[in-house]
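Two complexes, one shared chain (subunit A), two partners (subunit B, subunit C).
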Partner chain A sequence: MPTATEVKKRTVRINGCVAAAQAAKYADVDVITAYPIRPYTATMMALAQMVANGELDAEYIVADSEHSQLSIAHGAASSGARVFTGSSGVGVQFAYELYSPISGSRMPVQMMIADRTLDPPGDFGSEHTDALSTRDMGWLMGWSCDAQEAFDNHLMAYRIGEDPRVLLPQMVCQDGFFVSHITSDVELPDSGQVKEFLPPYKHPYPLDPRHPVSHGPQIMPEQGPPLQLERARAMEDSMAVIEQVHDEFANIFGRRYDPWIEEFMTDGAEVVFFLQGAHAVTARFAIQHMRDKGLKVGLVRLRTIRPYPTDRVKEVLSKFKVVGVVETNMGLGSVSSGGVLYSEVCAALYESQQRPLVVSFMAGMGGEAIVMKEFYWMTQKMMEAQKQGKIEKRTHWVGFEE
Partner chain B sequence: MSYTELTVWTRGIIMDKEGRDIVNSVAASARLEGKFAQAMENYVDNPDRTNCPTRKYCRVSDSVIENELTYENEQPNIIVLVEGTMVKGWDYMRGMPPGGTLVINTHYTPEYMIRFVPGAERLAQLVCVDAAKLADHKWLYYRLGELGLDRLSTEGAAERNKSIAPDIAAPLIAAVVKTTGIVKMATIEPMIANKHAFRLALEELHIMPLNPVAA
Partner chain C sequence: MSTKGTKIPERLKIPFAGITPAPTQEKGQDLFPTGNWRSIRPVYRDKLPPCNNACGTNEKIQGYLDLVKRGKYLDAYALIKEDMPFPSVTGRVCYHPCEQACNRGKYDEAISIRAVERFLGDLGQALARDVVKAGTPNGKKVAVVGSGPAGHSAAYQLARLGYKVTILEKSPKAGGLNRGGIPDWVLPQHVLDREIERLVEIGVTIKTNVEVGKDVTWDELKKNYDACVLAVGLTEPNSVRAEGENKDGVLYGLPFLRDIGMGTSKVKVGARVAVIGGGNTAIDCAREALRQGAVEVTMITVESNPQEMPAVPEDLHDMVEEGVELMHGRTVTAVLGNGRIEALQLHPARFSGAINASPITVDKEAKAERFAVDNVIIAVGQRASLGWLPDEFKTERGTIKIDRFGRLGDTNFFAAGDIVQLGSGQPLMVVNAVGDGKRVAFNLDKVLRGQALEPRTVPVDVLFDLNRMNMTYFPHFPRVQQTLLPAASRRKTQEEVIQAYSEEQAVEEASRCFSCGTCNACDNCYLVCPEPCIVRDVRSNGLYKILVDYCKGCRVCIEECPTGCLEGVPELDFDTGVVRMDTAFAVSPGLHGRQAEELKNLGDRAAKNI
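For the complex of A and B:
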């Protein structure tokens, strides 16, 4: 495949959807499979324009549904193509059957997720439930909190997923609207930088009539466990690769991200928010204001949830007295009867000698912005728990209580 | 410190680009002037449904915008109705603090239109501009071909004319900038494709002064 046109570094004002499309262009993807659903549609449209304008030489396939979209992505990846796809909300759900086969056949397909609340009702807002419900299917997964980070995460995800030690698909997630449709300044790199960072993709065993191989054959039950173990190990082994790739990214592009956790104003903090994605933007402002008033509050933002950095979460969160998990997802009837992040946090902390109190906040549901005063309210709840040495209840629905 | 909210009410698909052009050009101009600005123009209000009322938002501030993730403007200082009949039927004035500006695309006078405006006492001025006359009476006719494609929910991707404000948005932007000073005329004018209509509008605004805010 010919490489993308040489371009120089420049800063553009784009939203998260276009940033994702730009990343796919820089990655010089071979096959794009698409099916419209908002907010992901904006990425699909941007890519369609790039292909139509001749900026990107890729097969652009509009499928008849998300299930077909992911099936085609699977097939294309099996033939050795670098594949880009994406979806939102119920679209992510409709393709569910494909997630395990794609990771099971170790195809590093990349899927952009612009979160959307699941039905009912038909709501455009961002909840993380769509992608999170697929979190144990063997896909690398993490959230960006702005368009620049989304662009960077897409490039890094290809590099990580295509590493021969990993070979796993990636869901690169961003909040619908909050990232996908808010514009901000994004630095697009030199094409030379990307060439240095992301070598052309070569799958070790592509389908090729000249070199016949079998993919996904029917097997006997006793042949299953070794394959599952191998996939589980790939997920574990990816952790070292993820760290290495983040280092290399920082060296080449000059933006350094902690692969697992971003800490904001946690020095001297006693109560902290724990969340993923865009609401970190408002949380940072709220925390600055509360710090000005002397409140010891901080933010811990999870950047990668699969693989889950258990030890790192334990080490970081053990420093604090109270952890407030801002869910932005639904775990109906789950451990906390709130969201699914709570159990991930508590499980990581179980082995800690110094366990903080953990409370879950259902906020930003339906894609509502979590406003400043809600962060103040949640901080009050955490401080009350700290004072009393126990939580009032595991889950608070923010905006529905005094 | 100044913080201004501009909300544009328009019609899905048929006047979607017109609404987008207003908020995008104002936000881009404000950023050129060193201010902080945001434009949100393609989300909650179903912009992919023909004729449905949809809103486009813009915020301009001297300091960093902390409510960046809040979609709707809660206290719009300036409201634009891209299509005149939108003046009736719903409360587009809600949240407007005293001293606001309402700009309507209509061939009627402000004296006639004010009877339909809910909560008009909050207005410092009502501005009427006959944008279709000043731009081109047939602007919508020329867009019919691409509007057909846009009905497939392409979110503007099928639009052939990528320039900013080639049609009725130009006089409406002129009306907003001249009567509110949200950005400088010299900053925004170079962005506008239909400069003729933009300049004509500066002379042909019908402005009705109402309740100025007490200093």
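For the complex of A and C:
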């Protein structure tokens, strides 16, 4: 197995797309399969250059669609390769058929998502609906909020997904543009550190003509439930692995993330934002300003949505009076008639003895930036609800209301 | 009801549910200025093509090849005339350093630039009126001593600048080395005559039979003219210092050619001729000797093989094809005969240094060879005759002492051409003399206008590396060969050996140009941009614009630019064109770092709404 060239730790100024490509290079992936769609394309462009320059020894396969792309990824993983793929927006949707088979056959394929709004018509701003629509397909899933976190999440996802207790594919998501295309300083590790953290991938039953095994044959209905049960068990078991891997990552690389939730200025907070991904950057900044003015507002950022940390969400959010869910996704006709994150939050809180009010905000839709004053506006809505003791309505369309 | 109380702002109104405005700049793209995505900005930056850089007078070669390709011959001719007064001459005689530098040479075969230049030069010759005009007269008089390539070039540029130029020429006919050093079968006299007519047409006076030091003195030049350009060339042949070199039948290269060129030759060569020397003049002498009636011509060189000879390989090849024999590793130590040459005494010899201008070591111990000949032509370089020049301006190597601007001390005298370039390491060739004449003319102009002479400090980016271009756009394609007269027939005539390109051939050859590093309006960027972010009004070089509000920096145009004139420049290098937003993505010192100050106030500004 060829290994990546030895490199020393260094800080580089790159965007999220290139950070993801760098992570794949450090992970010394064996097979890369690409099909272009903005904004994730820049990742594949960077990888193509690495392969062409001889920095990375990998098979680089350009598929004829996302469906083929994921099929190739599935096949390559079945033969025991460490696979890297990715997509954006409707590209994620076109490969939908493959998501369940890949997780069902327990292939730890890694997929980079740089979010793009689903059509119509051709809006390429970030909206999380593309990846979130596959959230129940058995893939580990979470969002990064900057390029460094994206790099780290990609490395950790391989380690978690390939753990024999887990063996599940991973979607490592980042917002299009806000993470994928904004350049920031990223610390790239020593190759020795990665070697220590991420052992070579070894599937227990790879496709191999010398040791024939069956992958994904037609089965009797009664054979289905055990497979589903095993997949559910793997999802649950992954939670302990995720925590362990985050600890080890912190010990080796010196950056510690809470695997599930980031709390920002929640001490003494009464109203909090609950969101995923890049808009946390602006939210933190807005919250600092509001805190300076004495407003009791904080931020809870969900880092991993699959597996969903139900108990942790319940425990954290029960401390507050009002939770404002910033959706950045579409759930047409959903529980809140807004996004899909609202129902995840409410379901976790149902068993709480001390339920906060929950309100959903449709903001950052179509890839619009959520600007500072919109965070102020949302805070105002939450504070009004706190004062009234009830919400005005479940979902607000930010920017379209007075 | 989540949508209760919502209202779509007027500026975002849609015509009908599910129908969005057409993506025009007014209604579509303006909604999402994606320029904010960009970390690399495409910038058009023309580099210097290696041909232009290598040319002794920096002709805009890529430029005129591009114009020829488009059929704009007159524009191409006008462009070449900026730097080169006589493309019809250099199109025939130039040793084309441009072709040696041509990037295409590393790929398949260099562009036949000289042949295209000749095509343009001949086109210029056929024009009833030249495109070049004299400058507005400035009332100042300049003398140019010598009408060879350097003098011709200086006079030409000075006339274009508005000077009243008088050329003083020692010989009965103007042309200098162009006439006296180049045989007719390379450069027919009528071609040169026409170029000299052109010079007269722009107001240059040519006085022949005027020799500096004899007919006009240094002091007279100083008194009668505002300034003077000395382009006297190298007129005296070097000797080989062989015993008996003064015998009848011993000829010298340049005078041999010069007398034939001027029509004053009284020489009748014998059947067996030896030529001493391995350079281009020696080759011309050998080939001329055939045309003058010699039957056996042998070239005797100190160099031990043809590759070492300081000659243009094509000319060497054509000479051998015409039947000239080569004899290497020898030198003449004596001319034998009784009053008249009968034979040469040859000894083994080699250059004692690494280069062929170094002293010669002769092996006198070895047995001498006797080589019977009727004539010998010695062509081992020339030197200057500078008796008329004040001693303070003479160098040790027998040339004129100048500063780096070609000026003699703080006088208004300038010098150009072989007379300053001999021994400077620069190869002596017509095009270098032309370039020298041109530069000196511009420097002279500055001095007479009281401007300071300053060396150019802007670094030039010459594109040598094929990796900086996208070679997938350039299929391999062979060079269009110029036809030659058959070797057997041409060795007896004065007809031009190399034939001109037809129009089709010139266009075909010009189309092979890579346009290294320079926009040639190929339209590729305009076509490959996935968004309409590259605009142009007309398809013309350098008229493409990047819409920075929308360009995401995807690099497709940069990667797909065939010529490499498009470069990716980090967005951080720019002060303008970054789309600003009311978000906090600029808190780390990244792409939008310079917005950090603004962001500090942003919080307060927006907080007024609370």
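Quick notes
Following the convention adopted for this analysis, the second predicted complex is superposed on the first by the 402 of 402 C-alpha atoms of A that agree within 3 Å, B and C clash if a C-alpha of one lies under 4 Å from a C-alpha of the other, contacts with A are read in each partner's own complex, and residues count from 1 in each chain.
We take it that a residue touches a chain if its C-beta (ideal position, glycine included) is under 8 Å from a C-beta of that chain, and two chains touch if they have at least 3 such contacts.
Bear in mind the structure is a predicted one, so any value in this text is a computation, not a measurement.
Aligning the two structures on subunit A places subunit B and subunit C in clashing positions.
Of the two partner chains placed by superposition, A:Q388 touches none, neither subunit B nor subunit C.
When the two complexes are overlaid on their common chain A, residue A:K373 makes contact with subunit C while staying clear of subunit B. After overlaying the two complexes on the shared chain, residue contacts for A:A48 are found with subunit B alone; subunit C is out of touch.
If you count the residues of subunit A touched by subunit B and by subunit C, you find the higher number for C.
When the two structures are aligned on the shared chain, A:N251 is found in touch with neither subunit B nor subunit C.
Touch criterion met: A:W397 reaches subunit C, while subunit B stays clear of it.
In the superposed model, A:T11 lies in contact with neither subunit B nor subunit C. After overlaying the two complexes on the shared chain, residue contacts for A:Q228 are found with neither subunit B nor subunit C. Among the candidate segments 95-103, 113-121, 149-157 or 203-211, the part of subunit B whose C-alpha atoms clash with subunit C in the superposed model is 149-157. Residues 13, 38-39, 41-42, 45, 124-125, 177-178, 181-183, 278, 281-282, 285, 369-372 of subunit A contact both subunit B in one complex and subunit C in the other.
Residues of subunit C touching subunit A in their complex: 1-9, 18, 20, 23, 32, 34, 36-39, 530, 552-555, 571, 581-585, 587-592, 599, 602-604, 606-607, 609-610.
Every residue of subunit A that touches subunit B in the complex is listed here, in rising order: 13, 36, 38-39, 41-42, 45-46, 48-49, 124-125, 177-178, 181-183, 278-279, 281-282, 285, 369-372.
Against subunit C, the residues of subunit A that register as touching in their complex are 13, 15, 38-39, 41-42, 45, 120-125, 146, 177-178, 181-185, 278, 281-282, 284-286, 288-290, 293, 295, 336-338, 360, 362, 367, 369-373, 376-377, 379-380, 393-397, 399-402. Put simply, subunit B touches subunit A in their complex at residues 28, 31, 38-40, 42-44, 48, 66-71, 153-157.
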